[in-house]
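Order of writing sets the labels: A, B, C and D. Residues in every chain begin at 1.
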Amino acid sequence: MKKFEGLIAAPFAPMDENGEVIYDQISVYYDFLAKNKVVGAFINGSTGEGVSLTQKEKMNTVEAWTACSKAKKTVKVISLVGGTSYKECIENAQHSAESGVDAIALLAPYYFKPAGARQLAEFCAKVAEAVPQTPVYFYHIPVLSGCYVNMYDFLQEAAPIIPNLAGIKYTHEDFMDFLSCINFRSGKYEMMWGRDENMLSALVLGCRSGVGSTFNYAAPLYNQMIAAFDNNDLLTARKLQQQSIDMIRLLGKYGGIATGKAYMRYLGFEFGKFRLPVKNMSDEKFEKFKADVRALNMEELFSEK
Amino acid sequence: MKKFEGLIAAPFAPMDENGEVIYDQISVYYDFLAKNKVVGAFINGSTGEGVSLTQKEKMNTVEAWTACSKAKKTVKVISLVGGTSYKECIENAQHSAESGVDAIALLAPYYFKPAGARQLAEFCAKVAEAVPQTPVYFYHIPVLSGCYVNMYDFLQEAAPIIPNLAGIKYTHEDFMDFLSCINFRSGKYEMMWGRDENMLSALVLGCRSGVGSTFNYAAPLYNQMIAAFDNNDLLTARKLQQQSIDMIRLLGKYGGIATGKAYMRYLGFEFGKFRLPVKNMSDEKFEKFKADVRALNMEELFSEK
Amino acid sequence: MKKFEGLIAAPFAPMDENGEVIYDQISVYYDFLAKNKVVGAFINGSTGEGVSLTQKEKMNTVEAWTACSKAKKTVKVISLVGGTSYKECIENAQHSAESGVDAIALLAPYYFKPAGARQLAEFCAKVAEAVPQTPVYFYHIPVLSGCYVNMYDFLQEAAPIIPNLAGIKYTHEDFMDFLSCINFRSGKYEMMWGRDENMLSALVLGCRSGVGSTFNYAAPLYNQMIAAFDNNDLLTARKLQQQSIDMIRLLGKYGGIATGKAYMRYLGFEFGKFRLPVKNMSDEKFEKFKADVRALNMEELFSEK
Amino acid sequence: MKKFEGLIAAPFAPMDENGEVIYDQISVYYDFLAKNKVVGAFINGSTGEGVSLTQKEKMNTVEAWTACSKAKKTVKVISLVGGTSYKECIENAQHSAESGVDAIALLAPYYFKPAGARQLAEFCAKVAEAVPQTPVYFYHIPVLSGCYVNMYDFLQEAAPIIPNLAGIKYTHEDFMDFLSCINFRSGKYEMMWGRDENMLSALVLGCRSGVGSTFNYAAPLYNQMIAAFDNNDLLTARKLQQQSIDMIRLLGKYGGIATGKAYMRYLGFEFGKFRLPVKNMSDEKFEKFKADVRALNMEELFSEK
């Protein structure tokens, strides 16, 4: 598979008032991403609440997204199939492959933590070898998985035993490790940056793609930032990165990941709430949030519905 | 349900050389626990590798254990149905209830961590209300779940909204929190201790039951310790607790939770290995381990096959 | 030195409104502790704000306390001389020894953390050998020092190289480690418990002394708890431990360690505030605190002025 | 004070075989830094073992460095006076100011951790107001201090109460926080990067200076990297950053901070060992280390003696 270049959004799971997934919204969602020059969708990830869905719901989600990607071919689909049981991961991986995803992604098991890079690589290999024709990404997000194995160490263990390993979604701030991975085996593996709030610090290292939740609602901001960086207009790039930070700071202020769905609501998408145990915003708080968003004064940087 | 009194073992998942669960061994296993005066089996927990099994395997495990408990009625069965998706927990809880477990247990979701006691209680309530006739235990094990909410705070939130809450399996070392829970609502909730290596420090606070992995292979040790404590023979109780510690120290020396299956092998049970990402002992190491176990000189304190 | 038996208080540093130490109050403080059957004073520790004092202030504090202990001989004095520079620790240790303390105590260096038990033991040995006639205690408080070396491992390294090592003040909740230390070399080292809120769980293991901040203001509670335990009246002992917990819970509610000085103020001692960066209670909050303390309804368990 | 531009080295404390500081070496050391185009010396910091020195030794160190800077005026001197007692910090700050340092630096107190940004700012203000004519930098290094307060929050509290605050030495990987500080009050505060291994990711955000230990022995590498970045030659800049990483990876391989003195020994400076509790390299290991350094094949990037 040719490497990704550009923005890969991690879509939210659209839900109704009872917390049931509304698969019907996915087609509109897909077009919205394409319209805003998003090149990929990383589904069933943290933003997509994969861990909060049942296995059946995850599979339905995969089918809804791949129905779009197979028909329209604008936005590629990467499906996260990671979990704590490699046998269940295999079930999910095979279903994803059969459904026509462009790639799958794996996560470090997050209950029993791998003792080291070798155990992590062996765990991933078990799943990857069940879908030998499908590119496999590793999704590194220690703050949630609890697995702090260096990716440079992981690549050394994984490269020889996972022939379909394609790269890493890197959601952590160890730039020493990240650059070492970029340079591993002459750049063989695709390193996708996963922290929107400091993407500029990854671009300067040679990174060409990112996976993020804020690409859902602010794709223009990041596409402009990449363009400015490519044109060596660093003043503009820094200004846009600071605007991304101001936007992301509201996530912290309003309680974390669930604020993402509030941003989507701001744009006109009713995606409901995050499932428990995630904490959601009250309607009252949403009004304050809206005022804060308006005060950012960055309407032209948000994605267009 | 009348409260438990005594030892509740957390059984291992018996596996063959390929890592497939051997359900056939469970009947023999059940009798072995009963013979050694274990009063309950806490299945699909950490020791039982619940998170490493598929949903189907977990259900099969429940059915194998409840087949025994319904027929023989010596050892009660508590089934862990916790996970990260409350919808999947409900599926598992309903299956467990229909299979005839004596109780279910829930775990804090371990990917998205609950923001506080309220979110944790609400998550548990969602599952508990789906099996209103079944006693529900909360399994507190922050070192694995990553959820450090105080159980005293949890009880305050959970008591009003989970009528079938029966108690807590407490696998953490906050004795201040633990005693506060024992005394909560005049001792309404059953507090089961989950750290075998310092059970004596829980007994002195009024605790009457424990859930542990080492009760699988050293039930006599703990039953003798409880008896010594009840007889106010503290010198003997302390000596036995130290022997339990010496035994448990070998878990650390030989790599952690997988050493439990090595202890079972020492007793004559071939339960295979732990699934990845858990690290297992090599055969060579097992020989050294056996020598270390023999040097403990505590054969009469091990469970009898 | 004969081992301690009973309560060792960790005195506060009495300060005036400008945060200057009032050494004059120490004589009255000493008598107050003696009156309430406290057998030792652990000075310049966490409660005593040793780290917030200058070297000169620490030395003045030592001189004020040893002036009392040499004259009155009721309460023994242990002086914490730990720090991050072993050379400065030696200066402090020698001054303490010359001033006539009964023992000194050392802390794990808390900026550069020891790589392991050996480095920790070697660091302590450097200081201990400078005061060969003085008993040395190690003060284990990982939550503040950041050093999580097991004390059982430490004793194995320290025993051969620190002949004047007398024991450990154990302010951590690893009862497995604690009991192993009690039994190390047939009980050669004195293990003093440092978590007042679960002292009962230490007593059952054979511990006979504790070092704590709440012994300053609630010595009767703990002396009664020890007596009840010794008389095998566990119901009373548990009730008292729960009362200690209720009292200590107010520390958390009102912001931590500085609340200790508020308890002293409640008893009639004006000891001022904790120095920055510790957060103190406002006068307004103190009124609420007083109401909460009264609601505990345990006046007869507080120390008598 | 005009802002720094370029490399500020954090010098090692030269010691003899008995661990005594050799102040005589400092003059040669000073010239060596100047020769290699280092613009500042950040003394008594982590690399300089400030916490392992006595107060007198720290003062002697200050005097030796300022004797050079006052005479030669090539390399400016910043003296770390941080500690856990603000009164002792004031003593050190006043001595530094009188000795003629160009600036002082403060550290978060590392035993009692500040409850929040306000307590941290108030602690620093106490010291800063004692040397009102001296620029003050805050040294942010949470991995050692244990204080994880965001610097953006700190600046909001500190700006109004510390008029002589000049900037922050930022030794942490939160680039979102870092860029927010760069942009705070239109760039009023100087943000000096403290992680040599990812300096390129800071340069792209507009950072113009760094404080680091590897600038002691590899200043040419970083000066070339800055030049390449300024010339928009990113391929060269990335290559040099990777070489810096390869060099720094040996620190991890050989046990951490003490490896820095081994690099100096490699260059011909006999600076002895780090004081306990830091672990040092054996002579045997040093031979292996030398071979590894030679294999890096980057002699021309090391500082010239």
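Note that in this section contacts are C-beta pairs under 8 Å (C-beta built on N, C-alpha and C of every residue); 3 or more make two chains touch, one makes a residue touch a chain.
Keep in mind that this is a model prediction, so the values were computed, not measured.
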Copies subunit C and subunit B - interface residue numbers shared by over half, same or different: same
Turn needed to bring subunit C onto subunit D - CA fit, degrees, nearest 5: 180
Geometric centre distance via CA averages, subunit B-subunit A, whole Å: 36
Rounded Å distance between subunit A and subunit C, as computed from the means of their C-alpha atoms: 50
Shared interface positions of subunit A, touching two or more other chains: none
Topology of the chain contact graph, where touching chains are joined (line, ring, star, complete, other): ring
Chains touching one another, given as label pairs in label order: A-B, A-D, B-C, C-D
Subunit D - residues contacting subunit A, complex: 173-176, 179-180, 183, 195, 197-198, 200-206, 232, 234, 237-238, 241-242, 245, 248
Subunit C-touching residues of subunit D, taken from the complex the two chains share: 46, 51-55, 57, 84-88, 91, 108-116, 119-120, 122-123, 126, 144-146, 255-257, 275-279
